[in-house]
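Pasting the structures in now, so scroll down.
Paired with subunit B in one complex and with subunit C in the other, subunit A is shared by the two complexes that follow.
Our next item is the complex of A and B:
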């Protein structure tokens, strides 16, 4: 089987399980919603508080969503079966990554919509936001996929996930906040596209390489 | 070699302490608090050095699977957490009297905190993994990831906002009076020597633990 077909097969399997069980998107989305609500409450809910609230809620929701696929495989012991199939383990990474990307984009779109309503946020610059969302999803999914696989065989793995995920993804949080502000005000984006691009490049290169080491039996 | 290295490091540390406490004059702006910096700056450099050693040794372990690299990587990760914690602590002790705040949302502070958290995570992954071999592999992966991520974190926070004074010593020249430079240089040397000795001792201890 060609590499891309293995990638699509793994992504399709993850998304199909998600569609049937909805055990990542609904808990992660509800959690993101709760974070958005709490942040809106304590910040007074003005529109200028909207970008930080949106990106913090997205990042926290991503912690929950990214861990779920690996949890499922840990619980059912299906990772071992997947590893037995012939072909490169990198394809497994890319398949999982693709599925997490789709989940993150859905989460981001949903949280963005709710944030517009809750914070009375401006809806200008949607093009900038879509591009920022895409680039962030690529990087976050790479970190999430790698860490989820890493923590599958670690006790208290779900507790360590945020400890490693949140500090590592600070650049995405800062870039996302500044790009959202730039989109709303029409101001120049400064170095933030570069930050996202470098972050993505780094984790899309290092992610698959470390993933292979991490999933070794 | 070992007694010599330990002795030389102890001597350097004593000279450094003497220079910092008695020879260095108080700073015109920071007063006596400048003495904290003779621990703070060397500890920060030692933390970054330890993180670099942890990353390099971990990458070599993942590549060659030679246990000796794991011992060094483990020592590096522990010392990166220790020295970055010490950097944060001394920085806060210095920041309160001089800046008026314990903490500021400055790039170097946040970067050091991120470094500290990622290496704490690295050590936890090793201890909490299902079996020791997996722990070695997983924590090596985290050590590599953490070290590569930290520069990106640093620059993103620099651009977000910054307060920390610019570097006093750079390729453009030294903006530091000689009476402050000497204690700083000796203490930096002493802390790097301490890092080397602790790395070697910790790696040796790890190898003895495996032999037992």
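Our next item is the complex of A and C:
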């Protein structure tokens, strides 16, 4: 009960700060939108190019959004106070993970809407896309939360974030694109659900455990 | 063997690369007492407090807070100890009320205490204002209210009087007195010896990470030198 209260408190705090400052959603959304527009122009706007464009833009936007919470703590000097509260530090991980999940889902929904308009993409298979988006958000948020904590005290943190985040999340990109294509064409997606599930399981198990080690260091 | 005293250090050292911030410091703070740490800038006061608070790991030696080892039982130490550093650690984008509600949720205290704590800190009129608009003194008062909410057995204070007026300084005194009355211990580092003198039972003087003198007998001398 107390752990759940702590998790919700951290998530609510991050989301409230984001709502008031909008310092993750606006830059991440703008960045994702710019990437989507550029890819739309390059690909000629054919609907076949829509899934890769959507997932690449979402992944790049996630890099910006995932690190913002940790950056804010660093700038305000609140991280140490947060870490010194009694209770497990895993709760802090889950709280931040929950807030990043919400941000990524909002970004994903927004970018998907733009993609439909821009690429004239078919809207069938929305259920598959929603599930794929949820599973992807869980995994991406876990990687982002962990890396943001790892890079908080690193001077080149903002530079290293994409260098570490993007290679680590390639399985999500591939699975997301294949699942979106399958949803649009009505074909079975087969093993790509498994790829997303294994990715999530790995990072949701390893993330909280490593978070404790990373913030202790 | 678990030490009985609330704060105990043995040959405690901490390095930052080639810089040695603490060199074999051995201290013991008894129940119901307050220890004043004095010394020039860079003498190791803040490092010692941060090691005791589990914000830093010692390089060598051992320390126990509330009877718990700061390295192997850090989570237990954080249950009984509160560290208030030079930064108030409050969120500028939250109101005073929201900051204290967050603290209550994180340390498992009831939220109903929050209005009373805001009144205690003299922040009732600005309870629903974002703390980004607060002065340094007001943010520090809010941090003191957070400490009171947690009711620690061991209180670690780093320059607690900075930015505070006389009323604010009285809040620090109340907190220290409260911890001492509950049989806990306080370790306080400050250059404001005039205010600290009335609160402290013993003095430890640090210089270049070394403990130069320690104990009630050295109180006046250490304070005057520090």
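Please note the rule applied: the second predicted complex is superposed on the first by the 215 of 217 C-alpha atoms of A that agree within 3 Å, B and C clash if a C-alpha of one lies under 4 Å from a C-alpha of the other, contacts with A are read in each partner's own complex, and residues count from 1 in each chain.
Rule of thumb we're sticking to: contacts are C-beta pairs under 8 Å (C-beta built on N, C-alpha and C of every residue); 3 or more make two chains touch, one makes a residue touch a chain.
If you're wondering where the values come from, they're calculated on a predicted model, not measured in any experiment.
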item: Clash or fit, subunit B versus subunit C on superposed subunit A; value: fit
item: Comparing the two partners subunit B and subunit C, which touches a greater set of residues in subunit A; value: B
item: Partner chain(s) touched by A:16 [first = subunit B, second = subunit C, both, neither]; value: second
item: Which of subunit B and subunit C A:175 touches, first, second, both or neither; value: first
item: Which of subunit B and subunit C A:86 touches, first, second, both or neither; value: second
item: From subunit A, separation angle of subunit B and subunit C (C-alpha centres, steps of 10 degrees); value: 90
item: First, second, both or neither for A:156, with subunit B first and subunit C second; value: first
item: Partner chain(s) touched by A:146 [first = subunit B, second = subunit C, both, neither]; value: first
item: Closest Cα approach, subunit C to subunit B, once both complexes are overlaid on chain A (Å); value: 7
item: Overlap of subunit C and subunit B interfaces on subunit A (superposed complexes); value: 216
item: For the subunit A and subunit C complex, residues of the former touching the latter; value: 2, 5-6, 8-10, 13, 16-17, 20-21, 76-78, 80-88, 216
item: Interface residues, subunit C side, partner subunit A - complex; value: 53-55, 57, 74-75, 78-79, 82-83, 85, 87, 89-94, 98, 101-103, 105-108, 130, 150
item: Contact footprint of subunit A on subunit B as seen in their complex; value: 62, 110, 113-114, 117-118, 120-121, 124-125, 128-130, 134, 137-138, 140-142, 144-146, 148-149, 152-153, 155-157, 159-160
item: In the complex, subunit A residues that touch subunit B; value: 146, 150-151, 153-157, 160, 163-164, 167-168, 170-171, 174-175, 178, 190-192, 195, 198-199, 202, 206, 210, 213-214, 216
